[in-house]
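Two complexes, one shared chain (chain A), two partners (chain B, chain C).
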Partner chain A sequence: MGIHARSRHRELNTLTCLVMKLEGWKTTVELQNDAYVSGLVIEVDAKMNMQMTDAWYTDGNGRSIRLDLFHVRGRKIRYVHIPDKMDMMEAIRERVAPLVRHRKVGKKSHIALKRTEQTVRRFYRQQEGEYHQQPQQGEAGPSGHQTLLH
Partner chain B sequence: MAEDGEPTIGTMAVEEPLDLIRLSLDERIYVKMRNERELRGRLHAYDQHLNMILGDVEETVTSVEVDDETFEEVYKTTRRNIPMLFVRGDGVILVAPPMRGGGM
Partner chain C sequence: MLLPNEPPPEEGIRHRQSDIQVFINQTEMGTGTLYIAESRVSWAKDGADNNGNLSFEYPRIAVHAVSTERTFFPHPCLYLMIEGFTGLPEVSTTNGSEGGASDSDNDSDVEAPITEVRFVPRDLTSLELMYKALNDCQALHPDPEDQDDEDEGWLLADDDDDDEGEYELSQNGHHHPGTYNDIEIDDGEELRVGPRALPHPHNLTMGRSSQEEEEDEQEAMETGQFDDADM
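Let's turn to the complex of A and B:
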């Protein structure tokens, strides 16, 4: 339970959720070793570890190689190109909303469960607040929350 | 959470350094990154790790070469433009408003 709670927290409180929504999109990822990879994103986890298929890996010298499966550690990523056609706000809402609405509040004896619940509810409340307010910039909120602009 | 006497910008309290970045949302900013890289773009989103979403971004990579004959230092810059970019926060050194004048 503890591992999942931490994963969820990392996912919901950072911009990683947006990168996770790139599953199924074709994009370019630039790595910290000056290499870049262009391919179809299969999977991204909460630590931004990424798997791609049909990938063209180009190293710092410009040499390219085609790979059927490419996996990279999240920490080794420098940039991720976001496709023009992607609606980022919608993607993030899709990511967050299901976790809040369908969650049943059971016995809160487990601390990890309680923490996840609070995080998710707080995030959803903050999102609702921003949506109704239509401000120039996002609400202050507790530190550690992402701020987004429509 | 804002106490009386705290500096405020409009209706929002400035409590910590990250709040200053919030003020730059949807503005053009300058980001200095590791490995002699600089980004200039419009800030769409950020988080506490300084992961950022930048739009209309121009990346500048600076490299130094030493001339073989004159032993002068030659600074070379490479630029490119990307429409929408996610930047991983661990590469970010600093965030600032775009600099006016020299170095543009």
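Let's turn to the complex of A and C:
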């Protein structure tokens, strides 16, 4: 499989497509070294390598520094905060099955999209079930953000 | 880090910048030339005949950034966070919590040693160019695919001009975890979806539209999930 196909494959089969839609948004990303970075997302590739600008990097000790330009390897990301204002399903739809007039959308894109929707719906149900079985766990993320585990 | 006295690469150099001072964890190590090559990042100290050279591989460069703020470091610099043992003096990852007893789902339970490398150029306009060269080269070094076996009936990326015959999809959203419907295509071709196609669901939390919440609530009422609730 060529490089392009592999990237597209990864996009269709993971939620990287959602993170890729964050280009142009301001958000917070938590890294695996317990640091977090807040800034404007410039670019995200299919490996979830992410570039930010005007970023504030806070390390595990709470020390903050401003970085004009910031790049992190996708693998090093633990959480990505998805802004409340983003319609996640719509964002996924746009990447997986874009509305392009001159090109028919592949049926495999539609299938990928359906599967993602089913997965998300199933997950909501599971969450609901688990929530009622366990004592309350701390809610993930500060208010105003949804949190997506990488 | 590779052999510390390895000469700089000779091919695939995306950016070369002389007059670069390097600091390892805030310790100054001299002035030399930085080579950002497709294979690795290399710094050669001036006039040292390759003694004291530095070399970094991209998979271990977790973060790279341009920092012009002088709060913690007095010079505008190209900052690299290197993970793993480099043979250089290291700082351990600074965790907010004490010791190693953090949350159980912390997947970096072993503290990886971190080396902070700062390249301070004489020419400040080079900072952005070096940053971009690093971006491009990082894209050339993806991590090895950890999980998927791409031959196993995964949903494959389609070509642009796929045949657009009619197709049926399973409309049933009520899957049981661990079982997957075969998706039937009208032309007789069957697509099987591998079980590892899904992201790990157990830590996903997302906001929900009120309509979906309502629908799920009704469903939950029917299945008797809330039978013990006070009404």
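By our rule, the second predicted complex is superposed on the first by the 97 of 150 C-alpha atoms of A that agree within 3 Å, B and C clash if a C-alpha of one lies under 4 Å from a C-alpha of the other, contacts with A are read in each partner's own complex, and residues count from 1 in each chain.
Everything that follows uses one rule, which is that a residue touches a chain if its C-beta (ideal position, glycine included) is under 8 Å from a C-beta of that chain, and two chains touch if they have at least 3 such contacts.
These numbers were taken from a predicted model, which means no experiment stands behind them.
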{"item": "Partner chain(s) touched by A:Leu15 [first = chain B, second = chain C, both, neither]", "value": "both"}
{"item": "Touched partner set for A:His81, first chain B, second chain C, both or neither", "value": "first"}
{"item": "Which superposed partner A:Glu128 touches (first chain B, second chain C, both, neither)", "value": "second"}
{"item": "Chain A residues touched - chain C or chain B, whichever exceeds", "value": "C"}
{"item": "First, second, both or neither for A:Gln32, with chain B first and chain C second", "value": "both"}
{"item": "First, second, both or neither for A:Gln51, with chain B first and chain C second", "value": "second"}
{"item": "Intersection of chain A interface sets (partners chain B, chain C)", "value": "13-15, 32, 74-75, 78, 82, 84, 88, 139-140, 146-149"}
{"item": "Of chain B, residues touching chain A in the complex", "value": "1-2, 12-13, 15-16, 18-19, 22-23, 25-26, 35, 44-49, 51-53, 82-88, 90-91"}
{"item": "Residues of chain A that touch chain C when the two form their complex", "value": "1, 5-6, 8-9, 11-15, 31-34, 45, 47, 49, 51, 55, 57, 59-63, 65-76, 78, 82, 84, 88, 103-104, 106-112, 114-115, 117-129, 132, 139-141, 146-149"}
{"item": "Residues on chain A engaged by chain B in the complex (per definition of touch)", "value": "13-16, 18-19, 32, 48, 74-75, 77-84, 88, 136-140, 142-149"}
{"item": "Partner chain A, residues of chain C touching it in the complex", "value": "59, 61-69, 71-72, 79, 93-96, 102, 107-108, 112, 114, 128, 131, 134-135, 138-139, 142-143, 148, 150, 154-160, 162, 164-165, 167, 169-170, 173-175, 177, 183, 185, 191, 193, 197-201, 203-208, 212, 216, 219-220, 225"}
